[in-house]
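What follows are several structures.
In what follows, chain A forms one complex with chain B and a second complex with chain C.
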Partner chain A sequence: MRRYLARRLLWALIMMWVVASLAFLLGRLAGSDIIAQRLGIGADPALVEAERHSRGLDRPWTVQYFSWLAGLARFDFGTSAYYGRPVGDLVVTATRNTALIATLAFALAVLVGLPLGLVTGSRGGVFSAAIRTISLLLISAPPLITSLLLVWLSALSGVSPIGGMTSSTAATTGAGFALDLLAHLPLPVLALAMPFAATLERVQSEALARALKDPAVSAARARGVSRRALVWRHAWRLGAGPVVAVCGLMAGTLLSGSFAVELVTAWPGLGQLTANAMFGRDIYLSAGCALAATFLLSLGVVTADVISALIDPRVLNVDPESARTAA
Partner chain B sequence: MTTRRAVGTLILLGALIAGAWFLLSGSRAPTPRHAGQTPVTALVGTMRSDPPTFNRFVSSTFQTHLVSLLTQARLVRINPVKQELEPWLADRWTRSDDGLRYRLHLREGVTFSDGHPFTADDVVFSFRAALDAATKSPLAHGLRVDKTPLSVAAASASEVDVVFPGPSGPGLRLLDAIPIYPKHLLQAALDSGSFRDAWGTTTPPAQMAGLGPFVLESYQPGQRLVFVRNPHYWRTDESGQPLPRLDRLTLEVVPSQDAELLRLRAGQVDMIQGEVRPEDYQPVKADADLGRLKLTDVGTALDTYWLWLNLAPASHDQRSWLRTDAFRHAISRAVDRQQFIKTVYLGAAVPGWGPVSPANKNWYDTAVEVPAYDLAQARSLLAGLGLRDRNGDGLLDDDKGQTVRFNVLVARGLTAGEKGVAVLKESLAAIGVVVDVSTVDLAALQTRFGTGDYDAIYNRFEATDTDPAGNMDLWLSSGGFHVWNPGQSKPATDWERQIDELMTRQASTLDITERRRLFSQAQQLLAAHEPLIVFAFPRVFVAVGARLGSIVPAVQRPQLLWSPDTLSVSAAH
Partner chain C sequence: MRFVGRAIVAAWLTIAVAAPWLAPYAPSSQFPDAVYAPPTRVHVWRAGAPVAPFIHRVTMIDPLTRTFATDESSAVALVWFSGGHLITTADRSVPLLLLGADGLGRDFFSRIVYGARLSLSVACAALLVAVLIGGLGGVAAGYFGGVTDHILMRLAEFAIVLPVLYAVLALRAAMPVHLSTPETIVLMAVVFALVSWPMIARGVREIVAAERTSDYVAAAEALGAGPFRIMLRHLAPATFGFIATQSVLLLPMLIIAEATLSFAGLGLPDESPGWGTLLQEAGNLGALGTAPWLLAPAAALFSLVLGVNLSFERSSLGLAANTPLVPTSRHGTHDRAAV
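For the complex of A and B:
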């Protein structure tokens, strides 16, 4: 198990380095930078050069890249030209904000998706068909559409703030702050949770239906085990592997931030920060966001791998990537 | 637990969550009118992105400019509604007979927001900061006449002498761009060469001070800036009541224009950053009819989209016809401007011919005629260039047999731009010219412009000043903003040389009538060669929340916050 864990952690570290480096280098080699964008067409060339020089953007990309790598070793992620602040501070705050909605969305998706998957996977009927149809609709709808629809409904009904994390007039500490924050949560949480709940429902349903056909379950049924015990004690456990793997990916994806949901609901998280960094050609911030997002994605995936291994120790002898692909 | 019971529990849980949400939303305080515990004189606006710094001297971004408008003041102000110069921190001035020297008298008893008295030393300090080589200020360019900076000296504690190195048509209008910063807080930074880094976004608000109506109370990156009234602000209204009228002003950071509008329509913000887009007009109008919003037709815009072809010499490009006057005239005449207005602006625009808007009453030359829609003339102009259909495919070919086609770059995400270029493509197809449209992000467009790697660009620029002397970079062939062929060491064409001469003369002429005459000639020359092709100037509509008091919107951004001290909450609310 230790060796397995070490292998997964090494893989995660390599992924973080590769993705962050790609974000940095692609941003650097894209041919335009934040200075060109900020100063606009017709800017004084001397001013453009001075700005580039002051931010080190006129250095060769190799020098810039290795200097950035050296900074990473000291946990110095550079300074964001877009915000004029240290990248580390911005990324930590945004990650915390994203983690809040991601955790709640994940919990909601699991609480809703798994039980519904058990229902649709173990029995037919109109109810199951309706759930299945809704799931397919939610999976097909891009998050942008889902969040815009929710924002529109919210604006129409007026029952919830339609953007941001807090109200400008609310208290900044204590119960007032907590209540205000709570009122802002439903929109982004629902927008994030709905497609994932639907995905979980589908995966759980398929896994259960497959498990119910497993010879071991058939044998248990022949021995007179009740249907309830078959579903909840035997088949559920048999089909848990792919569900846990999907949960891991889901958790990682949710934690690494959603562009669409955070932009539409103006949630100041990692997704919005990454979008601003990319559109603003802010290479240090792009790389910092990529690093944080890959770290969180890896965290989710590695956690899921470990849980899978705990549920089914046979996984330890199988390549996790092929297991996930099979799932 | 049976499955049925599990489902029942889930439904109950869902109902509980929905109930809690409903209760919470009932008790929340989205805007001050529901809150009770917050000041009633508070408004909420939006901005599309964060300011990179609070230091106006080192940033020309709109966001930093907006913060400066709220927290700082200038010696004089150009009123964007009247397009006139107004006394501001300087309440009066005199001019020498030769027009080179101004003596400005500063208002008495004015203090910064931290209580420190405002004197002529602060004025001298601010101009020194703007012109200091280490500051590398984008504002410095506007403080020069013929590349020589104007000089500013204190005549006494309440008087300042401003000396121009040569005659300047705009005169004191140049000072509108310079906010007056507190010497007592920033002198050390300027002396040590670190002024560029002063007042960054990590600077605690308590360490900043200004002469504007508000002070920054807090800044949460990606979320909001909160401003509160400056207790030492120096202006009063007509009835002697102290300004500003608001106790608090919040600017929420809302990156999406759709989300911004939704928030306005839902009553969660009182004003948005820009004007109403044509496609948003109908729903906003419906809200206005129901009394939920106020919709104001501010008038014709001062700026619009320009189409320009790359006229810089390009040896690798064999399409010599692309850089001819006749080709541009043909494009201009092949577009039906009335139809263009209907399609792109849903009827809310007026036809245009060039960079000067009909709304610029002081300077627009009414003698210049907007090119008429005339396909026959367009075809004839192209035929004169030897462009005709040589292979019967319905498209024009040049003398080498190549199809007449060119590429137009347009910035992604701006509907008026994307629609405009679509109409252009369709219009030119009617005369056998192929337009390939490349929709790119703004940064890529700017980079392609900078490297000269483009055929044509269709883009919008914000008007900076209605006075032509404030836009010399566009008119002079040496200007970086002379977009069709920027930064020429000597004029590439005779007409550009003539425009250079006319513009230089008008900028250094003090007689306004003579300036207008010279600028009219420059406009006529430009229209005769059409290096910039303009189809229409849109009308500007501003939508605000119903609880805003009387407003005086301008056509330029920021439409409302150009005068933040007079904004108020309506008595009815």
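For the complex of A and C:
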């Protein structure tokens, strides 16, 4: 188990390095940078050069890249020219905010989706058919659509704040802050959770239906295990492999989804920061964002791998990536 | 259900192809007096008798409060098949706004119809590139095995766990912010293909690796066929079914990705809008409150994705749930064999 974990963590580190380097080098390649963008088209070339020099943007790309890498080792992610603040501070705050809605949305999707999947996977009837229909509709509504719809509905009804993470009028500390944050949370979390709850319901439903055909289930049934215990205690475990694998892959989809949700609901997370970095042509900031996004992703994927190894120790002997293909 | 799904997809494809004919106006033509004008109501009943469809003239009273007045006495006839459009108004100064107008007084219906064309173009182009890369890569990996297989599959595994949108953003960042429409379509197609090809390649590799040991391959080899002939002529056809299925599954993902990127302002430009570009306007809450028809592109996007998903539902809703559980009776398990 320890070796397995070490291998997965190494994989995560390499992944973070590759993606962040890609963002950095591609941004560097683009030609136009933040200084040209800031000062405008008619800017004095001498001024542009001076600004570039003061920020170290005029160095050859190899020098720039390796000094950035050296900085990473000291947890120095450079300075964002767009915000005029250290990239580290900006990215940590944004990552925390994104992780908050992503984790809550994931928890909600699991708590709602999996039990419903067990119900629809094991029985027919009107209730199951209704859930299936709703799932099918929600699967077809990406977070971009659900968040727009929820924002519109809450603007019409006034039940919840329509965007942002805090109100400018509310307290910034203590209970007032917490209540204010709580009022802002449901909209982005719901928008993000709905399609994923539907996906999990479908996956769990199919996995359970398949598991119920397993000889082990028939054997348990023959021993006199009740139908309910069969589903809720035995069969779901047989079908847990693919479900956990899908949960692991969902880390990436959740991140992409939260990008859309953050833009629509003005949630100050990683997605918004990345978009700003992109428009501002701020390569240090976009590399920092890419690093953070990959960090969140790896966290999700590695956690899912460890959980599936705990459920089914056979996984330890095969490469997790090829196991995922099979699932 | 499958039929319904396929009908929806076919309808959108038709709309995309026939856009210039179906849309009453060009996507960028403006009606200055119709800023945020509500959808035009089409009437077919006048003075107690059915008549050919006509509309009333709608005039803007106050641009600030966005109030409009309908002139009930006026009747502008709708004409079919005129000027290369399916339907327009007899009086060109009275616009037919089936889904209202946007903030610049452009016909939203026309923009959505053209948006279908652009959004689907990007998705289909991306799909084509992904199938090409994934298909060739998968066939090569399955046929040659060894190092080729190892490198290609590690690449695929890397690409498949990437946070798609962030990868796309990073790739997009390497390009200038403003590009012409064809350039944008090509760029987006390539970028989306680069992150989605593994969905094709991995399955193709499995199939080819299994088929490689068949007798017909050995026979072809014995007859002196070279590796490329065997791969493309003999092995590739075995993967077509898989590629077709996988393509249909990829399509909604690509459409959503395009919409999200365009919504963020990094995709299709305003003068040739995709559905995501059109949704930007719905992101403006002040406008959305008085003009809920700005959400129509979301409905379009939703219906297309739903159509694709429905065409792949294994059976009609509800029926699939009746997977036979172990046969049971009220009194216990002994009366019927469980296996």
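Keep in mind that, in the parts below, the second predicted complex is superposed on the first by the 320 of 327 C-alpha atoms of A that agree within 3 Å, B and C clash if a C-alpha of one lies under 4 Å from a C-alpha of the other, contacts with A are read in each partner's own complex, and residues count from 1 in each chain.
Here is the rule we use: a residue touches a chain if its C-beta (ideal position, glycine included) is under 8 Å from a C-beta of that chain, and two chains touch if they have at least 3 such contacts.
Note that the structure is predicted; figures quoted are calculated from it, not measured.
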Item to complete: Following the overlay on chain A, give me a clash-or-fit verdict for chain B and chain C.
Response: clash
Practice prompt. Using the touch definition from the top, say if A:Leu212 reaches chain B (first), chain C (second), both or neither.
Written response: second
Discussion item. For A:Pro186 in the superposed arrangement: first (chain B), second (chain C), both or neither?
Written reply: first
Discussion item. Contact-wise, after the overlay, does A:Ala81 reach chain B, chain C, both or neither (first, second, both, neither)?
Written reply: first
Discussion item. Which partner chains sit in contact with A:Arg228 here, chain B, chain C, both or neither? Use first/second/both/neither.
Written reply: first
Worksheet item: After lining up the shared chain so the two structures overlap, which partner does A:Ile162 touch, if you call chain B first and chain C second: first, second, both or neither?
Response: both
Worksheet item: What is the contact status of A:Cys289 with respect to chain B (first) and chain C (second): first, second, both, or neither?
Response: second
Item to complete: Answer with first, second, both or neither: which of chain B and chain C does A:Phe106 touch in the superposed model?
Response: neither
Discussion item. Contacts for A:Thr133 in the overlay, against chain B (first) and chain C (second): which applies, first, second, both or neither?
Written reply: second
Discussion item. Output check: A:Trp236 vs chain B and chain C. Expected answer is one of first, second, both, neither. What do you get?
Written reply: neither
Worksheet item: Which of 43-51, 97-105, 241-249 or 313-321 in chain C clashes with chain B after superposition?
Response: 97-105
Worksheet item: Both chain B and chain C touch chain A; at which residues?
Response: 30-32, 122-123, 148, 151-152, 155, 162-163, 263-264, 275, 279, 281
Discussion item. Quick check on the complex: what are the chain A residues that touch chain B?
Written reply: 30-34, 36-45, 47, 50-51, 54, 81-86, 90, 93-94, 111-112, 115-116, 118-119, 122-123, 148, 151-152, 154-155, 158-170, 179-180, 182-183, 186, 228, 231-232, 263-266, 268, 272-273, 275-276, 279-281
Fill in: Touching residues on chain C, where the partner in the complex is chain A
157-158, 161-167, 169-177, 202, 252, 256-257, 259-260, 263-266, 276, 279, 282-283, 285, 288-289, 292, 295, 298, 301-302, 305-306, 309-310, 313, 317-323, 325-326, 328, 332-333, 338-339
Worksheet item: Which residues, counting only chain A, touch chain C once they are in their complex?
Response: 15, 18-19, 22-23, 26-27, 29-32, 120-125, 128-129, 132-133, 136-137, 139-142, 144-145, 148-149, 151-152, 155-156, 162-163, 205, 209, 212-213, 215, 217-218, 221-222, 224, 227, 230, 249, 252-253, 255-256, 259-260, 263-264, 271, 274-275, 278-279, 281, 286, 289-290, 293-294, 296-297, 301, 321, 325
Discussion item. So in the complex, the part of chain B that touches chain A is made up of which residues?
Written reply: 1-3, 6-7, 10, 13, 21-22, 24-25, 27-32, 35, 38, 42, 44, 49-53, 59-61, 136, 138, 141, 196, 200-202, 220-224, 226, 250, 252-256, 258-259, 262-263, 265-268, 441-444, 446-447, 449-450, 459, 461, 473-474, 479-483, 486-487
